[in-house]
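To start, the structure itself, in structure tokens.
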Amino acid sequence: MINTISILLALSSLFLFGSSRIRISIRVVIAQGFLLGIAFLLHNEEHLNSSTWTIAISSMLLKGIVLPWLLTFVLHRSRAKLEIEPYVGFGTSLFIGVLLLGFSTYVAWNLSLTSTVRAIPPALFSTALFLIFCGMFLIVTRKKAITQTIGYLVLENGVFATGLGIGHEFPFIVEMGVMLDIFVGVFLMGIMIFRIDKAFDHTDTHRFNTLLDEIAPEHNDSEDMESAQ
Amino acid sequence: MWTFLVGCGVIALGGLLALVFFKHEKAAKISATVLTVAGSALVAMPVIETALGADTEFIRLAWTLPLGEFHLGLDRLSAFFALPILLLSPLCAIYGIGYLAHRKGGGGHYFFLNTLVVSMLLLLCAKNAILFLIVWEVMAISSFFLVVFDDHLPSVRQAGWTYMIATHIGVMALLAFFSILGHHAGSFDFQAMLAGGELSSSMRLVLFLLAVVGFGSKAGIFPLHIWLPEAHPAAPSHVSALMSGVMIKMGIYGLMRSLSFLGEFEATFGWILLALGVAAGVVGIVSALSSHDIKRMLAYSSVENIGIICIGLGTGILGSAWHNPQVTALGFGGALLHVLNHSMFKGLLFLTVGAVVHETDTKEMHHMGGLLKKMPFTAVLFFAGAMAASALPPFNGFVSEFLIYFSGIKSAMTKDVSSILLAAVLLTSLALIGGLALAAFTKVGGMVFLGEPRTALKKTPHDPGWTMKFPLLLLGIFALGTGIASPLLLPLVSDAQTVLTGDAASLMALDSDILPSLINISYVSGAFLVAFVILAFFYRILTGRKKCEVARSPVWDCGYAKPAVSMQYTPSSFSAPLVLLFKPLVHIRWALQKPEGYFPKSGRFETKIEDRVKEAFYAPLFRLIAKTLLLFRFLQHGHVHIYVIYVAVTLIALLLFTAGN
Amino acid sequence: MMLWLLICIPFAAGALSYFITANRVRRTLWFLAAATHLFLSFMLAFQSDVDTVKDSWLAMDALSRIFLPLTSLLFTAATLYAIGSFENSHGGKSDTAANESVPRLQPESVFTGCMLVFLASMTTVILSHRLGLQWVAIEATTLASTPLIYYHQGTRSLEAAWKYILLCSVGIAVALLGIFSLALAAGGVTSELTVESLVTHATRLDPRWLKLVFIFILVGYGSKMGLAPLHTWLPDAHSEAPSAVSALLSGALLNCAFVGILRVLQILNAAGMGDFGQHILIFFGLFSMGIAAIFILRQPDYKRLLAYSSVEHMGIIILGTGLAQGGMFGSLLHAVNHSFVKAMLFMTAGNILAVYATKRIDGVRALKQTAPVVAVLWFGGFLAITGSPPFGTFLSEFSILQEAVRQERFVTAGLYLFFLLLVFIGMAATFSRMTFGAPQSEQPAKKLHPWSLVPPAFLGIAALMMGVFIPEQLDALLHSAAELITRGAL
Amino acid sequence: MNANNVMMILSALLLSPLLFGVINRVKAMFAGRKGSPLLQTYFDIAKLMKKGMVYGNTTSLMFQLGPVFVLVSVLLALLMVPFGPIAAPLSFQGDFILLAYLLGVSRFFTVLSALDTGSAFEGMGASREVQFAAMGEPTFMLGALLLAIHTGEMSLSGMVREIQFDVLSPATAAVVLLVAAWMMLLLTENSRIPVDDPNTHLELTMIHEVMVLDTGGPLMGIVTYASGIKLWIFSALIANLLVPTLSAGASAQAGIFVGIVLLIAVAVGVIESIMGRVRLRQIPKVLVGTTALVATALIMTLAG
């Protein structure tokens, strides 16, 4: 069952690579949020108690409803176009995606073969790594601030997927704290996308490069000396 | 030893008082000076005692610094190097009162001046590497602030910058030096380093080179000298005197001290130092000859003198490597004596030149001339200093060079091929340097003090007030006195050099010939003065006769009876033929605007002397490094998504690294 | 319980101050919270009895005894300084001109609130003995400081804040992966993710996973700490933030990330796998120093210059950590020294900004004449940051060098010295250019509020003190902390 | 100091102006003229001493005192020159260094009193003087080193005492080279052809004469006498290398020595007559050449 969910998660991410519309992407993230929640419950079948339920439900709430809603809200309020503007074409993205999946699987299997730790199924771990790389890839290749936020969410999902195996070993408060952090983080990002939109009339982060290091004129030139006089 | 510390404390207190009184210029200067004089007097007591043979004293205080300990000790070598400090510092402080009379910022200036003095004194006594490095840097920083006193001038800022970089390059080498040595000795205590275990031959070479770079950058050993000709002209003259007279000698002290840690000397070290010394001597004096900024010229002359000191050190090391204790003692002794002598005459020269610059408001020789008539006192003392700097008897410069010559000839007496090579190199280079120094100093003396003023000055120059005259006079007397009474100085040197070799045998015990020679030299020097007085008296009688008419007329100009000031030979033309012979060593930039037409209105010819080492080595090197580094500036391009790639790539690379392990 | 107080007081004060509109009252509250925190942290840090200050979440060990008072001290200084600089900017309008298109400032109440929450989260990072909690706190520092960076609300600060939050969040997500991996590695060995229990059972943890954990944590917290090439946000954020915030970001926050790395290193060392980390850490250290040198050379903006210098110093610290043993001591000492000096320099930079209204180096001349006190601080800070004796940085940098030589890593030592030299050359040019010279135009002599001068002066004196006299207690603490990290336990 | 060397010093003091007379006479003979009397220089000095003084407008005290210093320094230098087998009055290890530097002192003051006139001519001459002297200095020092190695003595008198002529030994060849080199040095230091032409009438080409262009009266007398002594010193140094070891009495030896010195003056006269002047720019090369000559001699000694 976990394996099925892992595959679904991986596929959904690959789908993100090929998707050209922001709204569809948000829906994929919603799906991932619910999938992760279910996977969490499944993984902790033997330890189901109030705290596992709370974590699962709040995670689904956060990742499946609150954050996507926030993103949609931002999307509507800002004057951004609804299409994704990638640096890397969708086809190429898909190809790279497959490569990344391969790499993650290699790392995960390589590790699980030699490792004594069996808490996390290799399939899930490879998917988790894949999601992390996917998230980074999305941030790297998509121009808009909002798509970068989506990338961040995917990345977080990947991390969360890794955490599935250890839910009962992690204190409840910490889990909640992690979720709070993610929520506040995305919330802040949302606010900033608003501000960016207002200040720049666009949310393209590739035009977001005023903070640079120019090369100052040479400091100790004799010409410079004379001009200073 | 405690007297020593108390004395240092008094000087430091003077500096603090200067800072406290910074609003009252005069009070600040005077309080700092008075306490410097008092403190120096206190410090002088143990120093002279030790220099004359008292036992080394130590002070150890607990100090919670990692690796550090407050450990001071005053041995012969330290005491010897302390002598010029104790002589020059009070004089420079006194001189500064007059020199900076109409300037603001004296409080801060005197604070750094006193800090410099204290740091130098502590440096000499530091017996722990950390303490040594700390006071070393305090010395560097305080002298930096002294250099940039006139920071509104771009050239001064440039000089300060150059000085700072040069110093820091040296500090880096010293850090490496001491950390390696400390690692080998297992402690940062100098005594542990002295006793430290056997070093491998290659490690010794590395350490030696590090010491040469580290201390050489302070001492101005070729080719690390480039800050000297920048910083000395930039600094106020008494600071130049103090820096050139004693501070750069701290580099020599450091080099000597570190040599003592290296165990047995190898001939390679000696050849390296000798080669550097010869190069510094020749390049230094040729550059001095070509410079027409009067203080820059003196700075280059310091480079030359450091070169001579290095020649002495190199000879000493070679002597030791060849198990020829006489040559060792003579070489080291000559180098040490030259340290002392150079501090006197270079201090004197900088202070006299300071008076000239103070009166004429320019450092350009082309604008000076005829100052002997306006400033006779300064002029006479300048000529005294110039003679000493050209190593002419009866002044002290000759005596120390004599010792170095002597060491070379002594080594040749073994008739060993390499010893003869050493002697030949030493004699040739010293003779050449001597000849060139004479050319350089007659040029300065002639162009600045003799003839007629080349440009109109804003005000009529005159001899300075007593605060500036007194130090000049005293230094002049010392330069002459130590020249004539050199046999009396020999015991000081004779013992101080034993610290380097670790042998107990003093120079005088090893070499019975040197003392009689020095005594003869002092007879001749004395006779020189006496004979001069007698002959001058006769001359006076001869020209004072009634029959002897004394008249004045224009000088001969091929029958042209209206000679003009501008027809005088210029400093550049004086030195040009000689400098052109050594063309590869200095870079002269020409700017010529030819007079045109039958009745030309204007014409202009300008030369600018650039340091060849700086131009051909440092500038391209620094440019290359900067260029290479700046190539990587693109990394910070502002695109945040690419930044994320950095994170991803780092992560992947590390994962692969782990997988590989 | 006392430890929780340390977190709760600033948190509560922060929450409260958000609602207070009266400047005077809010500032008083702010200062009181800072002072109380300072008092408590010093009291606790120098309490001899260790066990009384420990529960299952928070604990006070040698490491936190060093960094907690340090952070608190810096915060108090920054508080005073911030109040002083508010006065500076209200006094004359020139400050706002400094930040090009700045229409308005964020309300001071938000600023105060975020500052205090920032302190609370930093305190948690330092005290936390549960790695999960520590992660939460580190992420919280990012979140609390983002609005602070955005305080000026200009387009540049917006850009900086965006880059900051995005890159740090990504980095920290990787760190979370590391924490999860650690939990996985500890699965079946210990159920508690506290440093103590992990150290106790360290040898039973799976080594391959542990390596993975270390890498994730290093990349994660390393990006927060500003190790090259993960540092890219740092110059932007540190230069665009208000100077009081920059001082804290550089002086305190980077240390917090460092503490995060140290905790994992402690476990790694306890597991006997210190060697694995060493190479990576040394590489990161040297690489950061090199990258910083590239950007310090001919840098046109003095706040960015300071930011890159932070990257350099984090490199030095990590290098020392990688050298272990003596190097560990050096790097902890260096962390302390760097905090003092860098905070002081950023505060002074803020003063320069207030006087000259530009962050460009060519716009600043003749500080010595225009603002003598600032000039003294600025140039003194330069000497201190480049590791010149008698400042404390010299001792720590030398200890690290010494350790490299002791281990006969001559290439490392050589590169280390070379980069230090490059940085010195780059900085010397800039600092002397700014400090000295003839005033270009008639600068209106701007009166600076004394509170904007006293804190940096105090920190400067502290940095000097560290070079000539290290208090015995601190010395002992540093030694035991170094031992704690390198051996896993005391 | 004994009677012998007092006598020798006195003879040097008395005979040195004669050298100029000898040279001039030889030159005149070559030119087919009768020439001035041998004692002409004595007459000149005596006449100059009686004259009045004319100082240049620009000159200061340096102009007047300079020649006095010059005289003092050459007189002191003379004290260290041995007279063949008769040792110098002042002899100690390393005395040749002091000798060289005392001559340096004389040069220092010659140059400075020249510069004191402020005239372009004097400046030019001074510039050349320091240039050629600096280039010539190593020749003297290396030569002395050669002698020291050769004889194992470190004082001039000792060297002269120990020097042995052995026709077949390479050392003799080395001494011959040294004589040649020092002869060149003599010509340079004393401003003779081929370096300088004392009898030229064009100021632009002079070296020594142009420096004393404005010197007259008693001052000129001093200058002339001092240059005589300087010439004597150099001639005596070379003569010392050539004086044969004879078991004759002191007075005979002294006679032989003085004879050789006068012969050297003759040689100078011959050289002046048969050679032309070298171009000023070539002189440094010639001087480097003489240094090379001595260096070769040194290497020969080592090889031998």
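Read from first to last, the chains carry the letters A, B, C and D; within each, the first residue is number 1.
The rule is short, and it goes like this: a contact is a pair of C-beta atoms (placed from the backbone, for glycine too) under 8 Å apart; a residue touches a chain by one contact, two chains touch by 3 or more.
Values in this document were obtained by computation on a predicted structure and should not be read as measured data.
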Winner on C-beta contact pairs when A-B is weighed against B-D: B-D
Centroid spacing, where centroids are CA-atom means, of subunit C and subunit D in whole angstrom: 78
Centroid spacing, where centroids are CA-atom means, of subunit A and subunit B in whole angstrom: 65
Distance between the centres, which are taken as Cα means, of subunit D and subunit B, whole angstrom: 35
Rounded Å distance, subunit A centre to subunit D centre (Cα mean): 96
For subunit D, residues that touch 2 or more chains besides their own: none
Multi-partner residues of subunit B (at least 2 other chains): 154, 161, 630, 633, 636, 640, 644, 647, 655
Multi-chain contact residues (two or more partners), subunit C: 162-163, 166, 170, 174, 208, 212, 235, 295, 298, 429, 433, 437
Touching pairs among all chains present in the structure: A-B, A-C, B-C, B-D
Residues of subunit B touching subunit D in the complex: 369-370, 372-373, 376, 383, 387, 390-393, 398, 402, 405-406, 408-410, 412-413, 415, 417, 420, 423-424, 427-428, 430-432, 434-436, 438-439, 441-443, 445-447, 449-452, 513-514, 516-517, 520-521, 523-524, 527-528, 531-532, 535-536, 539, 542-543, 547-558, 563, 565, 567-569, 573-578, 581
Of subunit D, residues touching subunit B in the complex: 49-62, 64-65, 68-69, 71-73, 75-76, 79, 90, 92-95, 97-98, 100-102, 104-105, 107-108, 111-112, 115-124, 126-128, 130-131, 133-138, 140-142, 144-145, 148-149, 152, 154, 203, 213-214, 217-218, 222, 281, 284, 291, 295, 298, 302
Subunit B-touching residues of subunit C, taken from the complex the two chains share: 162-163, 166-167, 170-171, 174, 208, 211-212, 215-216, 218-219, 223, 229-230, 232-233, 235, 276, 280, 291, 293-295, 297-298, 329-330, 333, 366, 368, 383, 386, 388-390, 394-396, 398-399, 401-402, 405-406, 413-414, 417-418, 420-422, 424-425, 428-429, 432-433, 436-438, 467-472, 475
Complex contact set, residues of subunit A against subunit B: 87, 103, 107, 110, 133, 136-137, 139-143, 148, 205-206, 208-213, 215, 219-220, 222, 225-226, 228-229
Subunit B residues touching subunit C - in the complex, by the definition given at the top: 63-68, 130, 133-134, 136-138, 141, 148, 151-152, 154, 157, 160-161, 164-165, 168-169, 171-172, 175-176, 179-180, 182-183, 622, 625-626, 629-630, 632-633, 635-636, 640, 643-644, 646-647, 649-651, 654-655, 657-658, 661
